[in-house]
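Worksheet: one structure, shown below.
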Amino acid sequence: MKLITAIIKPFKLEEVRAALTDLGLQGMTVTEVKGYGRQKGHTEIYRGAEYAVSFLPKIKVEVVVPSAQVDKALEAIQRAAKTGQIGDGKIFVSPIEHTIRIRTGESDDNAL
Amino acid sequence: MKLITAIIKPFKLEEVRAALTDLGLQGMTVTEVKGYGRQKGHTEIYRGAEYAVSFLPKIKVEVVVPSAQVDKALEAIQRAAKTGQIGDGKIFVSPIEHTIRIRTGESDDNAL
Amino acid sequence: MKLITAIIKPFKLEEVRAALTDLGLQGMTVTEVKGYGRQKGHTEIYRGAEYAVSFLPKIKVEVVVPSAQVDKALEAIQRAAKTGQIGDGKIFVSPIEHTIRIRTGESDDNAL
Amino acid sequence: MNFNGLKRLAVTASAAAALYAGSALPSLAQDTPTLNSGDTAWMLTSTVLVILMTVPGLALFYGGMVRKKNVLSVLAATFATFSLLTILWFLVGYSLAFTDGGANQAYIGGLSKALFAGVTPASLQGTIPELLFAVFQLTFAAITPALIIGAVVDRMKFSALLIFMAAWMLLVYCPVAHWVWGGGFLASDGVLDFAGGTVVHINAGIAGLVACIILGRRQGYGTESLAPYNIVYTLIGASLLWVGWFGFNVGSALAAGTGAAVAMTTTQLATAAAALAWMFSEWLVHGKPTLLGMASGAVAGLVAITPACGFVDPKGAVVIGLAAGVICYIFSTGIKRALGYDDSLDVFGVHGVGGLVGAILTGVFAAEAWGGKAGLLEGNFAQVPIQIYGCLATIAWSAIATAVILFILKFTIGIRVSEAAEVEGLDVALHGESIQ
Amino acid sequence: MNFNGLKRLAVTASAAAALYAGSALPSLAQDTPTLNSGDTAWMLTSTVLVILMTVPGLALFYGGMVRKKNVLSVLAATFATFSLLTILWFLVGYSLAFTDGGANQAYIGGLSKALFAGVTPASLQGTIPELLFAVFQLTFAAITPALIIGAVVDRMKFSALLIFMAAWMLLVYCPVAHWVWGGGFLASDGVLDFAGGTVVHINAGIAGLVACIILGRRQGYGTESLAPYNIVYTLIGASLLWVGWFGFNVGSALAAGTGAAVAMTTTQLATAAAALAWMFSEWLVHGKPTLLGMASGAVAGLVAITPACGFVDPKGAVVIGLAAGVICYIFSTGIKRALGYDDSLDVFGVHGVGGLVGAILTGVFAAEAWGGKAGLLEGNFAQVPIQIYGCLATIAWSAIATAVILFILKFTIGIRVSEAAEVEGLDVALHGESIQ
Amino acid sequence: MNFNGLKRLAVTASAAAALYAGSALPSLAQDTPTLNSGDTAWMLTSTVLVILMTVPGLALFYGGMVRKKNVLSVLAATFATFSLLTILWFLVGYSLAFTDGGANQAYIGGLSKALFAGVTPASLQGTIPELLFAVFQLTFAAITPALIIGAVVDRMKFSALLIFMAAWMLLVYCPVAHWVWGGGFLASDGVLDFAGGTVVHINAGIAGLVACIILGRRQGYGTESLAPYNIVYTLIGASLLWVGWFGFNVGSALAAGTGAAVAMTTTQLATAAAALAWMFSEWLVHGKPTLLGMASGAVAGLVAITPACGFVDPKGAVVIGLAAGVICYIFSTGIKRALGYDDSLDVFGVHGVGGLVGAILTGVFAAEAWGGKAGLLEGNFAQVPIQIYGCLATIAWSAIATAVILFILKFTIGIRVSEAAEVEGLDVALHGESIQ
């Protein structure tokens, strides 16, 4: 199994979710994060004090998939999340050694 | 060392924390996340517009443990987090190659 | 490539970010988390009911770096995040097998 | 010199009783009463202030103290209760509380003014339009049941709550208001209750206690953290309660005269004293003065001065405030926990206990020169027992009737949400909404 | 008996028209009018209450309903509009609405009181200082355009918004106010509009509808979740609207007399009835009673009772409230969605529709004994057509003038923010601020 | 015609000075003064409005501007200060400010009315009960020190803050109030201060400046982002300040007459003008109009019109507002940063500077027909120097006394929290509470 972690633009979440469920992936976990990268942030002004806000709101989607489905999932995410504009985000793939479904105790691919 | 990532129901956090500390694990990191899975979400209604909220509040517990303790930890989390109802969540295990305690510079198992 | 995950004190984020960009690392992702560890929490009181708040606010910085830069990055983070006080946090290193830049489709080191 | 206000108070058990006092004391009413625009202006304002107390005041005070998943449900309960009881008051409530009940006059009024029958634009109540009096009293009848919400948050069914509120207003609030302000037996017996310490606060406080016991504790009580979501909301609410309470207490003078000035002074002093008393008690006991404590203390002070505000002098007001702050603190923290009932937001601890403290101390500090009747300190040993008697009558009726209503609901439509709904939170489960 | 207030109402199309009634009916004005401190006290309070309605009331009501990234921009739009229109009213608005327009008197006033020229501290308007009357009317002129903000949130340029507001007040609000309250043609024709159902709500509601159509839908409308950020803010806002509306409606009696008591009673009852009506409709249709629904219903009730509040009896008020609750619910949910325009916060659905319901039902329920003029139920078949005629005149002028202003802006400085700014959120993009 | 209000103003340096004017000008007081219910109604309302300004108004205005970890501590500081000073005012403050000080009368009053001794329900102050006057003045004495909180947020010890507040009210506020309103030397010298520009705003502004310098900067000042947590709270606070300030300014007329109408008109116009002036200045300089800027501008306008509101005409009010908006903007942004002191929430930049602008321009724009005294524009060249003299006296006393109090506290119990507490946040460290 692999963990696919995608950092995407917040308003793309719905499309990414749809793309993944279309592949038959039935679970994922999502976190609100702040991203720093080439896409530059903005300046906020409070009583004349300017603060550079360099971190931008992003969404982190984590989905663990059977190794066989990694490529299709990567492609689906990329297609759904892409606007072509800077700041679209990254996808990282890392190994998962073991998975358990808490409710049943099932493990590995069966637990996904 | 292994990173154990558990996605659990929010009200189970206290029990999971207790179960882990009972094993002598003295540290963990917790994040509020939203989960999508078999457990279905709910519908919200605002002036007649219905929005399907498919993501449910979950808690992600991350704990890095010495390889020797992985099994006991998995078992402890599963026992503590289980309600038997759909949506209880998952546990993922992944490899950690290196750990450092910032304060002292100690590393690996000593840093946990 | 490696994923470096650092759990740090919130007010150290700016210094860590600066240290990493000084190394030429141009991206990172940051999450607000709660940490449990040796640093003890505090007690809150509401109408005489005391609640032990054992989880403390921390920041999780995730940065994926080419393997060659891991050591320099670790050192930079540690220097920037250290106060010498308990609760300074941890750094974990784990493997990343694949990286994609969503906007361009570039992959691996080129995608960082 | 203008003793208009004071005179009226001097001859009535409570300002609102002026309705009956009028006929009882014809000698004072030589002149046909005429509308006074200043009094009317103040009563219009007072009515608006009591509405401000309820929504948003009370709603936010309570709403900020629950967990995030239940905040909207608390606001919804308050808002819907306020709306529902407004209509019910118009339909029958006003009539039940403030008309002559004939044979049952000691206990309850009649139906002669149902749907405000016979109340024309020209009808006066003292120096103000009767319509205005009826709406001012409406605001009391609407906020009193709403106070009980604090005891049942996080777990009561919304449908059951609405039915309970309606039944409670008609079966508990209207009779007790009639007893004290509508010419009923407590008025005749000389119970002093200027603005509703007994009618409003003891009444609602006891009902809250009974309700939380019948309903049972919240899941997680004593084991999980049930810490408040956002005390900023609670602070806004407490402040609006403080502000709006001037409509409640000072408006009960029914005129913009000297009686109003007395009530304003005593209300401000007692509230501040109670806020400080709670804060310092807590600082001493727990080592930290909390914002929630100050706000709770202020509300306790407002409650305790309510029956007394038109009868006592400023020094008496300060003492009443200090006593309320300390005693309500002890009840809402130590004693509640020791006894183990889950009066979630301390309706009993603040309104019940504060109301009792206030009712009894009114009997102690009432001063002839300030409100027309002597209390214990001026040698009238009879007043404290009369006050206690008023409390007991109210406690008995409120406890019994509340329990009966709730048991009937419990065994018919049910009063508590499902366990799953309680875990999910009432905002989503009952109202399909959430705070983001 | 004091029929002061009632008498005044009886002879005018609306309370504010007293300005003209004075000269038109010299026989009533035997005595030189003198300042009445009670009336003045109430009008000072009423003015403050209408300000409370606008900021923070309306600002929060709207602000809580948008997404987090746009909340501050809604507050900023309201606050800046309120400030800008205050100054404009002083410069020319008051004069345009409330002075004699000479040859054009049927349609618009003149400039004789620009910069409050000739208004001295001693000038009276009835029994209150004219300055106070001018500031009270200022609050109406400032909140009416601000209502339109709800239709254009999340996407309108701030600069274009400010210019639109200024133009709209001068070209739309001032004329229509003059028609009804300044002695213009609708006043002469006998249209009843006690506190501004036509002038304020239909007027703003139609403008909102036109504006949201010209501006186009929000990005993501119908596909993304545009769920409100924090209904707590909306609830605070709705409550302050309820509270402040007593200044609006009851203040329109211009005196602290019986007319004020009537307006307060009818306002409270209609609002509560409408809140319940919307809530129960929704409960029936969607299975859940929402807090947003109750709050929306309350506002719909406030809107609908506005033209009627000084003319109908309490029972009529309850019926008007029930009708407004149900009908506005249907419009703001089903019909809006079916037609597909994005009136984001239902300015048309609540203010336009509620205003129409209220204007027409005023013609039905007006009662001689309650406000001096008979309606349909008392056999005056002419009033409903007159009311409809008033609505149509207002709709026509508001729609045309709003469209003209917006098209001019659209083809000059532009009215909509860039797509990128809309995605980023207006708080950061336009104001450089954000909620953390 | 009723010139009641105007006459009174014409003969007093300030409305509140009527207390002394009464005895000084027996010729006006042919009739025994009697209670006026309209005036009383308005003063009851005004008192409530000033309380609304403080809690929740000021508390939220400040609370929204700090970081999340300190919000509750700011609310707690305001709430506790308000409560504490209420009691102190009753104990001695009222007496020190408003009684005859005998030999020291030029500088400070006496103790004859400590604990409101001798103030009976029947005592009148002009046409209202003296009790009501005393409570109205209480609200001024409580909010003035509370203004200083904005300069010391995020780092001052709660215990030291409370002691400071108590000492400052007695040693700084009471004397200065006595100088201007209690028959002290500034009143005799003819300083115009209608509602407290000097007594309240310059006084608190200077104290804030001194306090923030003695306390030192917040950790992270200039390096970390200290951006506000939630400007929604600040907006609610600013709006409630705007609303409540009508009690402050208009209430200072002490009557519901023409003087009140003047004060209301000038207050509304100046506030709106200042909000726009700040907003447009910022838009010009930084390219974006911020909500915080508009709100700050409104408060600056309220501050600046405070001394002038009963003395100038509407045009003068607009100019005062514009000047205050621009000048306070420059001070609170550029100049503060250039000088490097950390007046965290701009107590000096808004209240100090705005107060100075207002005090001096009062001398310029005072108009005989509007408030009874001529200013520079009407050829009275003496008034501006007198105004400046009043400012200097206040600045000197406030600066010295504030410094003395703080140094004593610094070298005894300490005034600043530990570094660790500052990092953790005062909510948890001092109050054991947090926003979730």
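So that you can tell them apart, the chains are marked A, B, C, D, E and F in the order they are listed, and the count of residues begins at 1 in each.
Convention: contacts are C-beta pairs under 8 Å (C-beta built on N, C-alpha and C of every residue); 3 or more make two chains touch, one makes a residue touch a chain.
The model shown is predicted, which means the values in this text are computed figures rather than measured ones.
Trainee: Which contact partners do chain A and chain F have in common?
Mentor: Intersection of chain A and chain F contact lists gives C, E.
Trainee: Taking shared residue numbers divided by all residue numbers at the interface, is the value for chain B and chain C over half (same) or under half (different)?
Mentor: different
Trainee: Measure off the straight-line distance from the CA centroid of chain C to the CA centroid of chain D, and report it in whole Å.
Mentor: The mean C-alpha positions of chain C and chain D differ by 52 Å.
Trainee: For chain D and chain F, let me know how many angstrom lie between their CA-based centres, rounded off.
Mentor: About 34 Å separates the centre of chain D from that of chain F.
Trainee: Indicate the residues of chain A shared as contacts by at least two other chains.
Mentor: Chain A, residues with two or more chain partners: 31, 44-46, 53, 94-95.
Trainee: Two-or-more-chain contact residues of chain F, please, as numbers and ranges.
Mentor: Residues 36-39, 41-42, 45, 227-228, 236, 256, 286, 288, 290, 292, 432-433 of chain F touch two or more partner chains.
Trainee: Which of the chains are touching one another, listed as pairs?
Mentor: A-B, A-C, A-E, A-F, B-C, B-D, B-E, C-D, C-F, D-E, D-F, E-F
Trainee: In the complex, go through chain B and note every residue touching chain A.
Mentor: Residues 2, 6-8, 31-38, 54-55, 58, 60, 74, 77-78, 81-95 of chain B touch chain A in their complex.
Trainee: Per the contact definition, I'd like the list of chain E residues that touch chain B in the complex.
Mentor: 65, 225-228, 282, 285-286, 288, 290, 292-293, 296, 329, 332-334, 337, 346
Trainee: Could you please specify the touching residues of chain D with respect to chain E in the complex?
Mentor: Chain D residues touching chain E: 32, 34-42, 44-45, 47-48, 51-52, 55-56, 59-60, 63, 71-72, 75-76, 79-80, 82-84, 86-87, 90, 115-116, 120-122, 124, 128-129, 131-132, 134-135, 138, 158, 233, 236, 256, 430-433, 435-436.
Trainee: Can you list the residues on chain F that touch chain E in the complex?
Mentor: Per the stated touch rule, the residues are 1-4, 6, 36-39, 41-42, 45, 49, 68, 227-232, 235-236, 239-240, 242-243, 246-247, 250, 255-262, 264-265, 268-269, 271-273, 275-276, 279, 286-292, 294-295, 298, 314-315, 318, 369-370.
Trainee: Mind listing the chain A positions that touch chain B in their complex?
Mentor: Within the complex, chain A contacts chain B at residues 3, 17, 26-31, 64, 94-103, 105, 111-112.
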